[in-house]
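Heads up, the next two complexes both have subunit A, just with different partners, subunit B and then subunit C.
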Partner chain A sequence: MKNERELIIEEAEKLRWEVGDNLHDSLLESIYKSAEEISRKVVSRNDAGKISRKNIDHLIDKIVTNKWTGLPIMFLLLAAVFWITIVGANYPSSFLAKVLVDTLHPLMKDLFVSLSSPEWLTGALIDGGYLAVAWVVSVMLPPMAIFFPLFTLLEDFGYLPRVAFNMDGIYKRVGAHGKQALTMSMGFGCNAAGVIAARIIDSPRERLVAIITNNFSLCNGRWPTQILIASIFIGNLVPPYLAGIASAGAVVSIAVLGVVFSLIVSWGLTRTVLKGEPSAFSLELPPYRPPRILQILYTSLIDRTIFVLWRAIVFAFPAGIVIWSVANINVGGISIAEHFIDWANPYAMLIGLNGVIILAYIIAIPANEIVIPTILMLTVLSLKISGIGAGAGVMFEMDNPADVAQLLKLGGWTALTGINLMLFSLLHNPCSTTIYTIYKETKSIKWTLVATLLPIVLGILVCYATTQLWYLFT
Partner chain B sequence: MTLYFILLTVLIVLMAIWIKKMWGRRWKISDKELTEDALKHLYNSEENKTDTDENTLSKVLSISTKRAAKLIKKLEASGLTQNVDGKQKLTNNGRSYALKIVRVHRLLEKYFAENTSINETEWHKIAEEKEHRIDENKARELAMQLGNPLRDPHGDPIPTAKGEIYSHNGIPLSKLETNDFGNIVHIEDEPKNLYKEISESGIYPGMQIQIKDKFKDGIEIKGDGKNKFISNEAADNISIVPLNKDEIIKQDYQPLSSLEVGEEAEVVGISKALRGMQRRRLLDFGIVPGTRIRAFLKSLGNDPVAYELRGTLIALRKNQSDYIFIRKIGNDK
Partner chain C sequence: MNTTHDLKNLVKLGIDMTNVDFIVALAGNPNTGKSTVFNSLTGLQQHTGNWPGKTVTRTEGAFSYLGHKYKIVDLPGTYSLLSTSTDEEIARDFILFGKPDVTIIVADATRLERNLNLTLQVLEITDRAILCLNLIDEARRHNITVDHVKLSEILGIPVVPTAARQKEGIPELLETIHKVVTGETKCNPYRVNTNFRDIAPAVEKLESKIKVLFPELPNTRWIALRLLEGDQKIIDAVRSGEIGKLIFEEMEG
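Presenting the complex of A and B:
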């Protein structure tokens, strides 16, 4: 004898088959229907319920999505944002460097010495930790403080969703979302911010693609490296009157190469490891509106600039101590850094780099901005030159590119090293801030590892191929 | 020295390829998987009213006839099958075991369709591999996560945890006459090439179709506002329930993608081919029957297109707007 409860469950089970799979749809349908009925009763409209948007919005939309005007407008706007960022950041950057590096650094060192702190403590904390933080702040803060408000301005106005709308055709083909064009542009400012910006993509698979490929956008911290190395090594390959164009062309090609890589990798990821993630396309085009300046300043400066900068500082301090230590702790008469450089040199040569570059990329992981100062310091250290720089473990920069060129050539650099460094600067692991941000955003060690290791593997392969081809033709 | 090194590398690669091939031929397949696949095959052939012996079994499982004969003996010995007049039949135990595997298989396919972006043509293959590694508890969790679904994405009923199954009463599509209407209730997912042909022509369970014309090598049908041609072999793999006149939904609708910029329409419905998250997102936007919708803007490459509905502007890709059905309303003056 079945009891009543079992009978009810049985009946319900039978009814489910009769109702079918459409229950969810019918429910939503009826909710919308009754909502519409209610709104018809209580909401009065001037235009008698006819749908129509503001004419001005329509006009702007027509222009920015037009076949002939859409793309030029997009490139002009983005180029303007980058130009203002790069030019505008120079002045505050050099001011901050003057204060934090040139003035405060010796002062603090004097203070420590006067307190009779041991030499290793002064070295590790001031020459290592403090200097790394000072460097990161002075090169990172100004570009971000200019780039983010400008970018947020376009976002708030309502233009950026139209960029995603226009670009979606390309991204659809590689299995990604048009909004990835936005996170990628954001990545040109800062990859960590680009990774956070991927929150605007609400489809899980497309969001992961955007996060993993963001590192292929050449970020603010890498532009100066590219420009410096291009002007030293690429400019030399052509007649002097073409030097400027050639080196600028090289930097732009590297950035474009990054975009190409991000598309190819997106394509590969969505067809392999990301197959198991759900995907749904949706893109709303909100109405245009006058930007709210105060809110823009708040979100871009507090939520983006300070947030990213703080994470960078947290990583820069210990990394600075490590940088100082490897150059100053001696084992068997020479420093750990030199041991590593000697050991790594033969392997690094295979991919057309050298031990100094490899070590610099490992210990300068907190920020791409301090890679060049670290390379210069390590080059001086391994060549045992006196009179250049500020001592073992103290990062420095040179004002004149010709001096840098001379030092690097002493270190055995050739045009091939320069080209490979430019490639490796594009294709290597994200900085620690970005890696940490990826983990925070995805909450997954697996995807963090993929995002970290994939670019290194690509970088090694590309540098190896370049080197072998170079030897084949020279 | 270098030569030896190269030779060795080539040898290792060849070995690896050979071993992979062996795996493909299932020489080393585990007994559990073999048993389960055999039971499933028996279940399917009983459903299709065909017979099973060591020859058919060896073909389906890609094993030798000797091994198939041994397998049949083992199944008999463990009381899962019995010999009835020289034919293998499932016992009650065997049937409930088979249904458990079928249940896991169909739940997995449902999961792939709803919660992943795995391509439709791959669901079956991946489910075949994974079904052996999911126990009863995991299956129950999976079913709960999916909201205890009734059918898999091919339209097949999913057996309950107790091993009961609801049987569809469809007939092969080829039995219908020209101009008849019907609802597709089931699409057989094997063999692969036919399933691929069917799924790629945009036919899915739950679709209402009409037979437009019958040819020597195939049938032309109309569904979702489009004419499609399918071969006779594929048509045999589609089960259909004929519809009476009063059950027929009017066929005068078109896909949203056919709406030109500036034209206005009323939504008729969303096709069953849009599933899972994708479908919910569209419903959340308010794309339900009766909604007024207007094509507004084309993007640079003509895809996506922005549509205005309920006072907002929403961009939809062509692979979405193809599956949303509308009835055009005369041009706005």
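Presenting the complex of A and C:
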């Protein structure tokens, strides 16, 4: 049997000489010809009369993919999505915080105390784990429930390929794949999702570039930080009636800065370690389709919102326990957290941050969403302020940004700290889920490390430069 | 009288793929609504999006219809099965080696000619196929009419016009799937004319040898053409006997 199979292959090789070498092209031609003939027989068009939908599609495309109007429209759409998210998420967020933190937290604590649970257990589980979860839910759920449907709406309508079309030229100029524009857009929702989406890029080299740079897309978990800090430090720089727009503008600027960084880093990578020519790809601009609202609500809530939220909760609970522990386990009279903060402060000051922020980022690796609550808790701890918050190591968030501002200023924060925190929030390691996803997608420890460490190095450099410039001019 | 013509007979089974009777493959150009068809049959909510290239790997689900249980495989969208990108290979390998009982080709009714390129290539590989003429609502809006009866006559396979986003035509599609897998409807697919440049003798020579070696293969001519072209993947499959082995396994099973 084996010999006969080899004989067929040999025979085919022999015959191949007889038929010539462009058989493949001839076959394709034959197929195309048949397809054309058949379609001519069965398709009829009636273009008479009214403007067809195709013309409307062309008209929209002329505007949204135009060399001059395409990019501004893209940024405006992005800004509108952010603005709706920021404004809309406010009320449900504070409602959830009221229920989960102000009402349920004391109740649960009383329950544990009445069951005579030891103080360390109550602290770690309720003040640590539960509160972390409660914060993640109340801070993350509303913006996600608004952002994801809006994003899916644009996707269902057919706008995403146009984004790729607009960005394609820019990405190609930096040596990356045009489809990276799509994975970057996905990253605005969630970097882990963006990293998975990089599968649409065939060339392994360009896929790596897309994966490594996806973290520069400001993800969902990082907006609350951006929004809060922007409204405290940027919103305060302008008259109150402009505060909302100025803060939203600052957040959009950070997001745009992220895109710029993704381009710069892609450029650097494709000229050094990941050298090569960008591969061409054909992108078909699909027709615009009326979005199906119910379908969008379902998929964006179930597939995206709940999925991402659940992941955050899974990471937030143990992180909460760690936060409570480092703030309550004492070595030589002061807590581990304070030891670290005191040690890290001088280094952190060099880059315009402080020890609290550094520690918060280390603890919050599992989920970016808990950075702000952790910072507040650690600030109180390091200031030994009494009367604010619920005691040592208890995460809390204050309903009124003015209270937060006051606390932060007491902790030595300036506008520089705020700006640097926003920059550092954009430029630091990906969350642990994203790191794990990068490993799963690349199967390479080396590239996972690059993707993890590169943003931190950049973040430190950028914050250092900002700080030095700030001192130079003030 | 016609009880099959009803969505009530459809049981969406999601990802429960135990003890399936038939395997259905879902092929088509990118962004023609394959995933939407897939979702409406399985009840799964695989993410659909209006951009090409969204389905990067194959996705599987199941449904049951009139007492038969089906596994359905959503293949990545491709424009062709003849070049060598990963997604095209995944799609082609499944239609060839996965031995689906029926392959549904989802085509965009507003861009029929280009979609037929893939359709004709699928028909070269498999005997049992259905053309799902999707986005028929969009075609109506663009004032495009497709004579699906005539198309079915030419192609030699059933053609079902659908608007999967609106669930239009899904009952008819199910009924057609049922008829094809049970043999009630026989397919006699259109084969592209390859009798050019006097290659016919060479193809026939190879084909007859393949037929002797793998008598159960339905698409010997296609294999012969690939061998003539020097398609490494097919050469390897012939060399290892993989092409024939799968068929014998299926016969025993």
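In the analysis below, the second predicted complex is superposed on the first by the 306 of 474 C-alpha atoms of A that agree within 3 Å, B and C clash if a C-alpha of one lies under 4 Å from a C-alpha of the other, contacts with A are read in each partner's own complex, and residues count from 1 in each chain.
Keep this in mind: a residue touches a chain if its C-beta (ideal position, glycine included) is under 8 Å from a C-beta of that chain, and two chains touch if they have at least 3 such contacts.
From a predicted model like this one, the values you see are computed outputs, not experimental measurements.
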item: Partner chain in contact with A:R205 - subunit B first, subunit C second, else both or neither; value: first
item: Touching partner for A:R292 - first (subunit B), second (subunit C), both, neither; value: second
item: Partner chain in contact with A:L15 - subunit B first, subunit C second, else both or neither; value: second
item: In the superposition, subunit B vs subunit C on subunit A residues touched; value: C
item: Touched partner set for A:G169, first subunit B, second subunit C, both or neither; value: first
item: First (subunit B), second (subunit C), both or neither touched by A:G70; value: first
item: First, second, both or neither for A:F157, with subunit B first and subunit C second; value: second
item: First, second, both or neither for A:L182, with subunit B first and subunit C second; value: second
item: Which superposed partner A:L274 touches (first subunit B, second subunit C, both, neither); value: first
item: Partner chain in contact with A:S44 - subunit B first, subunit C second, else both or neither; value: second
item: On subunit A, the residue positions that both subunit B and subunit C contact, one per complex; value: 13, 16, 20, 24, 28, 32, 53, 283-284, 286-287
item: Subunit A-touching residues of subunit B, taken from the complex the two chains share; value: 114-119, 149-151, 160, 166, 206, 270, 276-283, 285-286, 288-292, 294, 296-304, 306, 308-317, 320
item: Complex contacts: residues of subunit A adjacent to subunit C; value: 1-2, 4-9, 11-13, 15-16, 18-20, 23-24, 26-28, 30-32, 34-36, 38-39, 41-47, 52-54, 152, 155-158, 160-161, 164, 179, 182, 199-200, 202, 283-284, 286-287, 289, 292, 295, 298-299, 302-303
item: Subunit A-touching residues of subunit C, taken from the complex the two chains share; value: 30-31, 45, 47-54, 56-57, 80, 82, 85-87, 110, 112-114, 116-117, 119-121, 138, 141-148, 150-151, 154-155, 165, 190, 192-194, 196-197, 199, 202, 205-206, 209-210, 213, 224-225, 227-230, 235, 238-239, 241
item: Residue ranges of subunit A touching subunit B (in the complex, touch as defined); value: 13, 16-17, 20-21, 24-25, 28-29, 32-33, 51, 53, 61-62, 65, 67, 70-71, 165-170, 172, 178, 203, 205, 270, 274-287
